[in-house]
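Order as written gives the chain letters A, B and C; numbering starts at 1 within each chain.
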Amino acid sequence: MSLVNLHQVHKYYGDLHVLKGIDLDIKAGEVISIIGRSGSGKSTLLRCINGLEEYQEGGITVDGNEVTSEDIQVRRLALSVGMIFQNFNLFPHMTVGENVMLAPTIVLKKSKSEAEQIARAMLEKVGLAEKFDSYPEKLSGGQQQRVAIARALAMSPKVLLCDEITSALDPELVGEVLKVLEQLAKEGITLVLVTHEMNFARDVGSRVVFMHEGKVWEEGDSKTLLSDPRTDELKQFIGAVL
Amino acid sequence: MVEFTNYDILRNLLFATQWTILLSIAAFIGGSSVALLLTAMRLTRNSVMTKVVRIYVELFQGTPLLMQMFLCFFGLSMLGYEISAWGAAILSLTFFTSAFLVEIWRGCIDTLPKGQWEASRCLGLNFLQTLRYIILPQAIRVATAPTVGFSVQVIKGTALASIIGFVELTKVGTMLNNATFEPFKVFTLVAIIYFLLCYPLSWYSKILEKKFNVSR
Amino acid sequence: MLYFSDLLQYSDVFFSGLMTTVELTVLTTILGVALGTACATTRQYGNKASQRAVTVYVELIRNTPFIVQLFFIFFGLPALGMRLSPWEASMIALTINLGAYSTEIIRAGLGSISKGQIEAAKVLGLTFRQTLTRVIFVPAFEKIYPALTSQCIIVMLGSAVISQISVEDLTYAANLVQSRNFRAFESYLVTALLYLGLSILLRFAFNTLGKHLFTYRATR
């Protein structure tokens, strides 16, 4: 059963044709790494999957439900799709705990104590249980990103979208975030990540999608695809990043 | 002819200051209420609503406050609505204040990163929840300093109410000037009183701004 | 009912009022910005005493109403032996007023120029005056140009008050017309629209001027 399905998705920004007929099928439990040059449409693809951007042609379904960018639909989607951003987007006026508890209380209408329980469990999972009452600005980038992961997990999403979530981090902080992701992958959470971490894509990911000029240029099992690229474009890309 | 001692002059001015303060408070409350409404209209992103707000701002920022007062005062009574100088002053100062505040507040809301809206949306918050829990708490912190700063403009704006005959500080100043023929003394005192009303607010606004910049 | 047709016969009154307002606006914009530039430079690079003097001036003006400043100059100063015509008093008051606000704005612009720029100019052997005019002013003014020009428009609108000391400006014309034909609403409405037109025109003029002044970016 596919969890996320894209069928011939086309997306334009005005005259700019950004996604040119994307077909993609993601099954529950898969860890998909989307790679490709800057401007190839990776972020746009993710943002179409969770309804932040609207697309013009084709269809996207998540867990059987059609995705549109209408407000109601996006909120329903939020129950099954979580998103982590490159620059964290934590709410600076709330403590770490409040950040994580917010959506469970006001969207899922859970009681305070129940939400707090969830929040503590999720923060435990990302290794930040003791930061419950800190404000985001007091945390390092890596810690902030882990809070963002906990915040998304608190909604128990079926799939987690990650857009270059280690790119804004100092190199020495990348590891701690990747370790959390790896843990999630082991637990069987479906992950779709835009990433430049080739090692992570190869070792943890199940499948790699290489995007080029708004198309899925090449895709396949992560180990074979990265060690044995078929197209020149992917060869060039791998040569450039490694 | 009545003789005015310095004490008389000061006493009369201070008495009139009460009306300046009262008018300022009324205008500020009226202006921020309307500005709140306009801000809400603008936040809906409805194209008609945002256009209405834009025209409102253009009209009231693009014409003299004095003209707005004249129109409220003489104009409305001409059209058959009796309005006192006090009412006309409050009404026009409300227009004026709201037109500036809505722009100031828009600036504050726009400084919040787009990511705050997106993250809220991805967590399933609806528009009103996003406003209430995410946007407003942050925007209010940013907006306090410039809003306090603008209250100085409101106080100074009330001086124009003297022209339509509302008896406040400036009006009493001109009346005392006519009675005492001591313009230098009278207007110096008037200026000092305004300064004492306005300067603390200006100062406080600067402090708030510094504090906010540090805490970021 | 509103009657606007009566107003046509007064078009020359409106026109001459409009011209007075425009004339004063142009003059005081130039003088006020010049004053503001001088004060801001002093405030930013001058010695302690002159810095303090500028601060006092700016705060005094920014924290008192324009109409009181105008009355003080027009009615108050003659008591000290300075007799001024209404027009002169208005020009002085408007210039001083705009000067204070633009000091504050321009200073923010000067403050945004990094020390490195100034040091680089010094290393190249430019005098302080050359550094100011060649290195600092252009980017500083570019940065605050929108705020500065908005302030000029605000001062233009504030000039409506000078009708109170019988300067025959646009507002004076409106008062005159409505006292003759008793059509207050119509004549104030027309006047308000004339002011609106003037502020839109001024903004357009400032934008056009800005494009010419700061072309060094566009041509790169």
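One rule holds for everything that comes next: a contact is a pair of C-beta atoms (placed from the backbone, for glycine too) under 8 Å apart; a residue touches a chain by one contact, two chains touch by 3 or more.
Predicted, not measured: the structure shown is a model, and the values here were computed from it.
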Task: Based on the touch definition given at the start, go ahead and assign the chain network to line, ring, star, complete or other.
output: line
- prompt: Whose Cα centre is nearest the centre of all Cα atoms in view?
  reply: B
- request: Please work out the Cα centroid separation of chain A and chain B, and write it as a whole number of Å.
  value: 46
Field: Gap in Å, rounded to a whole number, between the CA centres of chain C and chain B
entry: 21
Query: Taking each chain's centre as the mean position of its Cα atoms, how many Å separate chain A from chain C?
result: 53
- line: Residues of chain A that touch two or more other chains sit at none
- prompt: Can you list the residues on chain A that touch chain B in the complex?
  reply: 50, 52, 71, 74-75, 78-79, 81-83, 85, 87, 89-93, 102-103, 106-108, 151-152, 155
- prompt: What residues of chain B sit close enough to touch chain A in their complex?
  reply: 113, 115-116, 118-119, 121-127, 129, 133-134, 137-138, 141
- prompt: Of all residues in chain C, which touch chain B in the complex?
  reply: 59-60, 62-69, 71-72, 75-80, 157-161, 164, 171, 174, 178, 183-185, 188-189, 191-193, 195-196, 199-200
Message: Touching residues of chain B toward chain C in the complex: what are they?
response: 58-59, 62-68, 70-71, 74-76, 78-79, 152, 155-157, 159-160, 162-163, 170, 173-174, 177, 182-184, 186-188, 190-191, 194-195, 198-199, 202
